[in-house]
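The chains carry the letters A, B and C, assigned in the order they are written, with residues numbered from 1 in each.
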């Protein structure tokens, strides 16, 4: 057997395992082709709902996606789940082939990178809380840059005096960093175990997760609500 | 063996045949992955030369492309070669997936609806006759639009010098306007009663009884008949 | 300043941050605030931050601030606030353990809290490195370079109805038969000249006294048309009577008007013999 054929045969074995998992349920090969074509053609990640509207009624989109993920697992192009949506991307080990020698458009400052990390792990988080973690007042530009790139957004208001706005990450952030969801952030469990994600300042035993859902003490953001004075954090308070 | 696995197995068989053709030369699976990724990420079709500059020296690009072509032959995405350059395209039989139908409601132009009305009442009718009845020369587009919508058709030729084609309405026309047959178009009295015409129509006003039957001076239309010079009608002739 | 510190901070420079909220402040180059400075100092102790000596750390920080002052560097306010707080913490750490005033946390509790904050900042730094180290779209991994857009096919339907068709037919036909030139619509009026011409032509043909109503043109019937014909014919008859061409008579107001040729005899018909009264 040729080596290519062997490779494909391996894929086949994976596939068999895959389909066995589903107890005899077999992904329809024609549906597989359809999802393949749809995902290949699209420039944006597609979710299951979008895919199922294009497929015949009753098609097992989830099953097809699983099968497709297995088929492409070891290929030069992989099927990835980002932000709960599916997208073909080149295999990461081939980055050296494709990396374009374009200077990174905007080199983010250290402050911006840290702020992004804090927002992604601690969301929903207020400006004062970010400042508490970093121990320094934040320049207005930092949030603006991240907002402009489209990686963070204002997501609500905290039900505390002054009703400060809360920040969170966007879908574009997940897509850019290849994350299926906020819960898939690297090292999230370590941070949680160390208690570093506790409410700021530490309030007790509850260990909140970063979440896209509105927090218990968070109101949805209403852009029309008049802005209150949002002073910078008091360092001596900490 | 599951049906998907069977499909892949088929591809494998093709692949074996492929590689046998090349007398034991086997496409390197890693090169296969590279070409796959390069073609996927490229914004335009790539030729063998462009591919080989990215691949390790001595890589059998032609062999890899052949193998890839076979792998993707029956997939939702195919490897296509256009003018010596390669690119992935979604399989042509799945083009319907990439089509989105958008309903749009329109109205015929004044000239078009008047022409349609005349064709419906006066069929079989030649272009010259339509122009005579309307009293204005007709733009070519008007007939074209009605033909394109599918409400009129060429139904025959008039046995007059030049043998001009005659127009009539189609079944789609009857469906659109809710008519059982052309004979059910309202006559003079009905038009009067319904207020479409003055109580005393101008002298010389008559409303013909349109018919689907071939007219006495009409030949059936033979699309193969060589077209005669069909200058625009002489208005004074009619 | 210790040798170790000199090695690390000897070269720091003051930089004014232009175009920023903090434009008026002087920042110690390379440090992102006092906590960052503390974290760097803590790392220099080369022990686990969890076990770091806060007392030693406080001393190092205060030393650093002193040396900055000697270099005539004006430190940003938050560095000085931190210095003041650390000086206070230091004094309490040296003194025997006791509760602070008004249930203030003990010095140990304050030290633990600071240690925790340093650990947390350290952890978030590590996470930001991990996050930015991820394979990123369009830098490490790539999507389809030549996506095939969805073709939008317009499904045209026409709103034209039977009503539109018939309206078009009727107006089009009427326009054609009406000729291409503009013709103002004539009010239904019988011209007096026309009525007089008619009457003159009829003179030879009518017998003796004839009722004016019987002389009206046949096609001028109904409503306004008949009234116009009546008025015009009467006027024409009056003109002709003035010229002596006809004779008129009427028995009473609103009664029938009779006309006869002016050349005829002068005898007047009796009421009874008047025809068609």
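By definition in this document, contacts are C-beta pairs under 8 Å (C-beta built on N, C-alpha and C of every residue); 3 or more make two chains touch, one makes a residue touch a chain.
Keep in mind the model is a prediction, meaning the values are calculated, not measured.
Trainee: If every step must land on a chain the current one touches, say how few steps get you from chain A to chain B.
Mentor: The fewest touching-chain steps linking chain A to chain B number 1.
Trainee: Could you say which chain's mean Cα position falls nearest to the mean Cα position of the entire protein shown?
Mentor: Ranked by how close its C-alpha centre lies to the overall one, first comes C.
Trainee: In whole angstrom, what separates the CA-based centres of chain A and chain B?
Mentor: 44
Trainee: For chain B and chain C, what's the span in angstrom between their mean Cα positions?
Mentor: Using C-alpha averages as centres, the distance is 37 Å.
Trainee: When you check chain A against every other chain, which residues touch at least two of them?
Mentor: In chain A, residues 40-41, 88, 90-91, 98 touch at least two other chains, as defined above.
Trainee: Hunt down the residues of chain C that sit against at least two other chains at once, touch-wise.
Mentor: Residues 142-144, 148-150 of chain C each touch two or more of the other chains.
Trainee: Taking the complex as given, what residues does chain B use to touch chain A?
Mentor: So the residues of chain B touching chain A come out as 1-5, 7-9, 11-12, 15-16, 19, 26-29, 32-38, 40-41, 54, 67, 71, 74-77, 88, 90-91, 94, 97-98.
Trainee: Sort out for me which residues of chain A touch chain C in the complex.
Mentor: 40-43, 80, 87-92, 95, 98-99, 104, 110-111, 113-114, 116-118, 120-121, 133-137, 139-141, 175-179, 185-187, 190-191, 194, 196, 235-236, 238
Trainee: Give every residue of chain C touching chain A within the complex, in rising order.
Mentor: 17, 20-22, 32-36, 38, 78, 81-82, 85, 113, 117, 119-121, 123-128, 130-132, 134-137, 139-144, 147-150
Trainee: Going by the contact rule at the top, pick out the chain C residues touching chain B in the complex.
Mentor: So the residues of chain C touching chain B come out as 142-146, 148-162, 164-178, 180.
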